[in-house]
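Okay, so subunit A shows up in both of these, paired with subunit B first and subunit C after.
What follows is the complex of A and B.
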């Protein structure tokens, strides 16, 4: 004699199993995996932060219209580029702004120690061709293979008086001019 | 069907509701990643920082033109302004793959004295022109 009392339990069990399988399928299918190739979000943050830092550094500490050509009117960035003071540039860029927890969002800060920075200045030479020099980096980046990186640039207007410091290339024009500062930031 | 207990129906229903809840949460999470991705791509693609930076520099040039440049003397000032114009064009082209130029009248006129700055920028994806940045000088 076969008993059929448990048939409902069997059906319920099958239904429950189907629901669980369906749920698992939907949950797994609707999450997306953040692969290393999808670096757009961190790239965007890094680029924006770097661009903002350069803009802040190019703001003069004080402005005095009667002293237009006074060195006090020059921004930090302009002074550093005029004197190729790489040490001060990189310490300001990295320590004062990029890795300062009061300035940078935690999302960017979390990998701050890994971020390497390099900078070069582009200018037009006396003869009208394109010239460049690296901003001397006292703590050059790790020699490992660079990870994904971004390039941020900033135009610098410099009045360049009383003339280029001895440390800048000799073919730079000794007059007010526009320079392009290129900063490459990458994760080591 | 006699003798079948039905108290467990609540458990089945709650299990179903919870699974639905997890499903919708997962949809929201996956959407947020997608939105962040496309937003970031949009931000990277549009040269907002380049344009703002160029504009900032050109306005500095305009200020330089009517202050320090005039102190340099007419001929020297003309040379320097020509060079600055060339620098912006050449360096933009070589380093940013962008065509950039600017112009403004040599002198201010009108009352109050003023002049309009014109900026042109085109990096192949985004073309940007600003015709009337009115500077009172």
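What follows is the complex of A and C.
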């Protein structure tokens, strides 16, 4: 690579330099962990919040009868889903819990006001297959998820024929079953 | 260098320049390689906040008594929220859930104890800070702020919940928010001015001058009731209010109170006079009854020596024996001797066994309010009977919703 006169051969010098650069790059790269910033933390927080809200909404605040399966002991969430009362569901989820302005939080989830929510319910049909419907959202602009969102699911036990016939899909099986509520939250 | 001229060859200069340019380019690369690791907060603050939130919301703490509500074995340690300050060292872990089976459902008694900074050391720089050793489990001195507030109203008459420990939030911190349900304590009112009248003697044989409050463990811990709704008197204090005692007085003027016939001592000893026969009570109608004693009776009806648990007694709006002390068990033999015109309020501490187990899911316990006049005085009150403290007679508050925030830095 070097002549007797201490002179570098051009091509060899360039090649050696490139090798050194490549080595440096590989060494630095191998010690670094690529993470997408703090987004996974925010996702985790939002997922936990969503999960908690659904759990709280699915817990009856009182026991009206010693038999837990009594229809009087239905949770708010069960009643909302059985009557497909989307307005009440989204209002409770967002205004009462997620972004309640009257509850003074020490820290606000980033862009709480920008968080959009939609929900769908999976149920058992008369033929034994799975059916699904979107919980009606009173805000028509929010019916689709434009990008990646946080997904939270919750099983809801329902023990009686859901709601008025017109408010639920006609093919829903008329017997006690577990409904799967899937809520997707994303930042608009 | 070329010969002895000290001149660099051109090809070396070209190679070296390419190397330097490339090196500069790579050096510019490095910061972008590390962007993914940059954070506004410490690397584990969010993780610690999450972990702390889980411990608080989903764990009952340690010790928590028996895992099954209503059951007690002699080896079970007293739940942490019932420990006195002298036994604070018994507390290993702070958790607010009612039981391991009720995540997100918190006990108001654990909440009150947890946020009691006169009980737990909350000093930031203190080496004996209780929250660091019993909640964060870390040798690192995390700063923290934990706040709990209610969203739906608390039970009627109870103040809104807004509790906090720790320091104000700094600029960068880890954070978690949890939504919870808050379980509150129960109470019952025995209104003696109700129709039909259940608590007044109508025959001499019924006159025992005692009202019993029956706490039936098999009713309260009915296994068909989910744990979140069970009235857990082993861990929860409760209040019994007796009102309108004046309707139970042994009134010598039946026209004044149709429920209170006249009874003399002689009536009661079976001398043949009916209870309603005219008879003056020492020449005048009583205007009060005297609460002589409060007794506890075990499952077999046998009187338990002493007080099974602490109680605060309020008679006609006046706290007895004074504003701070529970009822003193020492004058049991001599009697309490509080004159009651109308109302008694008894705040009873949790029934976690002080020694022998007398109350659990398989046993009942009676609290007897005793008004017995010493012989030969006629009774001042014809009160009798038993009040069952169950889900129909007691007031079980709705679960309140709330929000718990944990900040760590």
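What we mean here is this: the second predicted complex is superposed on the first by the 120 of 188 C-alpha atoms of A that agree within 3 Å, B and C clash if a C-alpha of one lies under 4 Å from a C-alpha of the other, contacts with A are read in each partner's own complex, and residues count from 1 in each chain.
What we mean here is this: a residue touches a chain if its C-beta (ideal position, glycine included) is under 8 Å from a C-beta of that chain, and two chains touch if they have at least 3 such contacts.
Keep in mind that what you see is a predicted model, and the values were worked out from it rather than measured.
K.L.:
With the two complexes superposed on chain A, say which partner A:124 touches: subunit B (first), subunit C (second), both, or neither.
P.N.:
first
K.L.:
Applying the document's definition of touch, where does A:176 land relative to subunit B and subunit C: first, second, both, or neither?
P.N.:
first
K.L.:
Touching A:48, do we find subunit B (first), subunit C (second), both, or neither?
P.N.:
Both subunit B and subunit C are touched by A:48.
K.L.:
Of the two partner chains, subunit B (first) and subunit C (second), which one does A:100 touch, if any: first, second, both, or neither?
P.N.:
Touch partner of A:100: subunit C, not subunit B.
K.L.:
Figure out whether A:152 sits in contact with subunit B (first) or subunit C (second), or with both, or with neither.
P.N.:
First partner only, subunit B.
K.L.:
Would you sort A:59 into first (subunit B), second (subunit C), both or neither based on which partner it touches?
P.N.:
In the superposition, A:59 contacts subunit C only.
K.L.:
State whether A:26 touches subunit B only (first), subunit C only (second), both chains, or neither.
P.N.:
So A:26 only meets subunit B here.
K.L.:
Considering each complex separately, which residues of subunit A are in contact with subunit B in the first and with subunit C in the second?
P.N.:
Residues 5, 8-9, 20, 32, 34, 38, 41, 44-45, 48, 55, 68, which sit in both footprints.
K.L.:
What residues on subunit C touch subunit A, complex-wise?
P.N.:
My answer: residues 1-3, 9, 11-12, 14-16, 18-19, 22-23, 26, 29-30, 33-40, 46, 50, 53, 103-105, 145, 147, 149, 151-152, 169, 173, 175-181, 222, 224-226, 228-229, 391, 396, 398-401, 403, 405, 407.
K.L.:
Would you tell me which residues of subunit A are touching subunit B in their complex?
P.N.:
Residues 5, 8-9, 12, 15-16, 19-20, 23, 26-27, 30-32, 34, 38, 40-41, 43-45, 47-48, 51, 55, 68-69, 122-124, 128, 130, 152-157, 159, 173, 175-180, 182.
K.L.:
Quick one: which bits of subunit B touch subunit A in the complex? Just the residue numbers, please.
P.N.:
1-4, 8, 12, 15-16, 19, 22-23, 26-27, 29-30, 33-34, 36-37, 39-41, 43-44, 49-50, 53-54, 56-57, 60-61, 64, 67-69, 71, 76, 79-80, 83-84, 86-88, 90-92, 94-96
K.L.:
Considering only the defined contacts, which subunit A positions touch subunit C in the complex?
P.N.:
Going by the criterion above, the answer is residues 5-10, 13-14, 17-18, 20-21, 24-25, 28-29, 32-38, 41, 44-45, 48-49, 52-53, 55-56, 59-63, 66-68, 96-97, 100, 103-107, 109.
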